[in-house]
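First subunit A sits with subunit B, and in the next complex the same chain sits with subunit C.
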Partner chain A sequence: MNKAAELFLGILTAMGGFVEIGELTFTLGSGVHFGYQLLWVTVLGTVGIMAYCEMAGRIAAVKRRPVFSLIRERNGFGAALLTLVAANAVNLLTCAAEVGGVALLWQLMTGWPYRALLFAALAFFIVVVWLLPFQWIERVFGLGGLLMVVFIVVLWTMQPQWSEMAAGLLPSMPRVESSRELLLWAYMGVALLSSIMLPYETYFYASGGIEDAWTPSDIVTNRVVVLVGFALGALLSVALTGLGAQYFGPRGIEPQLPGTAALAASVVFAKIGLGVAALGLFFAFAGAAIETALSAAYNLAQFAGWPWGKSKRPREAARFSLAWVVVFVAATAVVMSGVDPVQVVEVSIVFSVVVLPFTYLPVLLVARDKKAMGEHANGWFANVLGWFYLVTLTIAALAAIPLFLLTHGGRG
Partner chain B sequence: MSERPVFDPHHDVLDRQLVDVNGTFCGIVDALEFTPTPQGPVLTALWVGPDGWLPRVPALLALLCERVVRRHHVSVPWRHVREVSEVIRLDVSAGALGLGRADRAAARWISKLPFS
Partner chain C sequence: MTTLTRRRRAAHQALALAVCAAVGIAAGVWVAHLPAGPDELRITVAALRSQAAELHELFAQADEEDVNPRFVRMHAQQLAKAVERERDALEQMTLDPTLEPTRSEVRPIAAQLATAVQLTSRWSRSIEARREPPHRMARQLQVIEDSLQDN
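== the complex of A and B ==
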């Protein structure tokens, strides 16, 4: 197996989690409203998602057990069923937002009607996922997502305020003038953390490791893939926050459309910059749509014990294949109803934080179990990280919905 | 604190993946069937299906689920269990036990599509 090619699983997972349409909105928004003050949340979330994806990937390599199979075994049927319903609701809503985001990008480039482009996006996704083997999905959308690096170059060219950026990497009390702003700061922080640690990243990553036939000899590969993939995702996230702080904020632009970020690239690199940024956004949104649709199908199949896997022919995993097709169709129907994709994903991200502790607890319990994992069980460092993030996420989960209501979904 | 017994069906069998003799995934163990004997209860079958999992969900959720799913189950005799590990391996095919019917029906339909 070509170990370097495995990097694309990490890059695709990270792109789908870090720079999907929701994260794009929250990172740009946090930059516009609070400058670099929330940068430390990106660091906090990145280390958390690295820790849990590494554990889930290690379990997949050693035990060949995907996350939802562990959730069912460790949480019991009732709690696992509720987690499945909530996780797949988040998958569906996020997929809907990404399908809508792709159609909006195409509309930006062609000027064709949005609804017709939604149908085109649906057909595109079904044909691509039906025809391409899993490894090619990883490579095409992982590699294409790398075009997003243009945002790092753009920020670099804009000469960011390095000292402010460095100060933002450390947790600090917000510089706000009213309790309303304080609530908005807390809401942005929780939403940002949730958008980085989205549960579907772990489901997809572990299932992808099994699709790629990982064995215990791939444990080091798993670690490298997680570190490189998510570090790159985090860098992009920092760059987007910087663009919010340096470019959009001072001009009073509130990035509400998914293509807004590409405007910053056009300022520095003119048409070429706009084209590369738009293409990068397309691959990132499309990667996230595929990641969420497949995640929903993985979850369902693993919960019910059906044959699953994109590496199988569709007829060999029939209900799994039908499941991801149904998710794409339902997701398109959601955005076809006229709702704003960005609003859809904002809601789904806030609610996904509630699912996180139920997803990560079974992963931690198995990864630290020496009887189950033998010499590959967590060391003290992974255990400390695991428990720290479980407590942090539980607090965030309790705060998420009240903050969403108090800030009217971040609108103050 | 006492050690867990060497073999505990509730821990080692319940909610585990069933794999048939051909290596095909064919459901999850939803419930265990015990038969009373003079020596104590003996595990005689594994249940797959709503009859197995409905009693395990909170009452309100069970009421809701009963409206959506048809009550039935497939009973897998314990004598067909070949190995208990991360998964439960059987010594017969899923079809012989009546498991995976919906998958086979869906596969027949999907086979008619191109590149399936």
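== the complex of A and C ==
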């Protein structure tokens, strides 16, 4: 297997986490409201998701065990069932938002009616996931998502305040004028951390490693894939925060639509910029939709002990195949009901933070277990990182819902 | 014996979950029916202000020919839905009576904005849509937003 091609698993996973439609509005919004003040949360979240995806990928390579099988084994049936329900609710809502996002983008490009495009998006996803092997899904959507780099170039062209940006990379006390702003700052910090460390990234990444038939010899590949993929995702996230601070904030715009984000590219590169940005957004949203639908099916199949995997024929993994089809259909039905896709995903991101400790604890327990992992068990550094993030995420999980309510759903 | 204990424990857990869910739903319904204060109104005004600013930016880019007419129309169509959602929220808000004059002040600006985005969604270079420049609407809404913030 070509090791370089494995990079696309990391890129696709990171794109699905860092630049899906909810993260897009969160990062742009954090730039609009607080400039570069919350950049350090992106750094914090990126190191965290790198640490846990590396552990999950390592476990997949050594033990060939996916995350949900570990959750059931270590948390017990009751807690695992609760995690499954919560995780798949997040997957479904996120998938719904991405399907809606794709339809909105297609509407901008074609001018066709939104509802008809929702059906077209549903058909597109079912055909693509049915026909394309897992490795081609990784390559097509990972490579296509790279078009998002246009946002980095746009920010570079706008000549941002580099010193302010660098200062934002380090944690600092918030510069706010009221208690309302302080609450919003705290809410955005928690929501950003949650959206970067979304649980489905780890489920998808570990299952992807097993789909790609990783063995212990792929442990170095796993590290490189995690580092490169998530570093790229973080860079895009930083660029979007920068565009919020440099471009949208001074104009008084709080972006809520995918087309608004694309306007930042057209102001620099005109129609070509607009086209590239819209295509990049399409691949990022579509990648996230596929990631969440497959992740929901992986979780269910791994929890129930069913045969699973895109590498198997649909007949050999019938319940798994049916599960991802059902997720796409249900997700389309959610957006068909007329709800705003962006609001759907904002709620799902906040509630996903509650699932995070339940997801990451079993991963950490297995990755540090020398009996289970032998020479590939965590070293001291991975253990310190693992426990640090577990404590941080537990605090974030406890604060998430009160902050959500106190800030009127993060609107101020 | 063990099965019975397990069943009893499962029943207790299910009951606890149901009670938590019921309390959560009741709290949500109660909060939703509380009269909205200046914060809730300010959030809606801020959203309308942002939409007016966005329409202004869309016009500016259309004038520079940085975006094509179809994009302008379709983006305005999506923006129109968002404006309608905020107008609905404004109307459905059970407001504290002292804030009624502010709502009355916002209403005509929101209506002008809705008309402007709807016209643009039909014709990207609508002169009628630009009769009241969106940046002026954004400025008016900003003043109202600031006054609500001081409340």
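One rule holds in what follows: the second predicted complex is superposed on the first by the 412 of 412 C-alpha atoms of A that agree within 3 Å, B and C clash if a C-alpha of one lies under 4 Å from a C-alpha of the other, contacts with A are read in each partner's own complex, and residues count from 1 in each chain.
Note that in this section contacts are C-beta pairs under 8 Å (C-beta built on N, C-alpha and C of every residue); 3 or more make two chains touch, one makes a residue touch a chain.
As the structure is a prediction and not an experimental result, all values here were calculated from the model.
Chemist: In the overlay, answer first, second, both or neither for which of subunit B and subunit C A:D340 touches.
Modeler: second
Chemist: Who does A:R411 touch here: subunit B (first), subunit C (second), both, or neither?
Modeler: second
Chemist: Once chain A of both complexes is superposed, is A:K63 in touch with subunit B (first), subunit C (second), both, or neither?
Modeler: A:K63 contacts subunit B only, not subunit C.
Chemist: Is A:L322 in contact with subunit B, with subunit C, with both, or with neither (first, second, both, neither)?
Modeler: A:L322 sits against subunit B, while subunit C stays out of touch.
Chemist: What is the contact status of A:R313 with respect to subunit B (first) and subunit C (second): first, second, both, or neither?
Modeler: First partner only.
Chemist: Give one of first, second, both or neither to describe whether A:K271 is in contact with subunit B, with subunit C, with both, or with none.
Modeler: second
Chemist: When the two structures are overlaid on chain A, which partner does A:E254 contact: first (subunit B), second (subunit C), both, or neither?
Modeler: A:E254 contacts subunit C only, not subunit B.
Chemist: Looking at the overlay, does A:G78 come into contact with subunit B only (first), subunit C only (second), both, or neither?
Modeler: Once the two structures are laid over each other on A, A:G78 reaches both partners.
Chemist: Do any residues of subunit A touch both subunit B and subunit C, and if so, which are they?
Modeler: Touching subunit B in the first complex and subunit C in the second, residues 78 of subunit A appear in both lists.
Chemist: Would you pull the subunit C residues touching subunit A in the complex into a rising list?
Modeler: 13, 31, 39-40, 42-43, 46-47, 49-50, 53-54, 56-58, 61, 64-68, 70-71, 73-75, 77-79, 82, 85, 138, 142, 149
Chemist: Residue numbers of subunit A touching subunit B in their complex, please.
Modeler: 63-65, 69, 72-73, 76-78, 81-82, 130-131, 303-308, 313-316, 318-319, 321-322
Chemist: Which residues, counting only subunit A, touch subunit C once they are in their complex?
Modeler: Residues 78, 104, 107-109, 111, 178, 180, 251-257, 259-260, 263, 266-267, 270-271, 273-274, 340, 405, 408, 411-412 of subunit A touch subunit C in their complex.
Chemist: Spell out the part of subunit B that touches subunit A in their complex, as residue ranges.
Modeler: 15-18, 24-28, 30, 48, 53, 56-58, 61, 86, 100, 102-104, 106-107, 109-111, 113, 115-116
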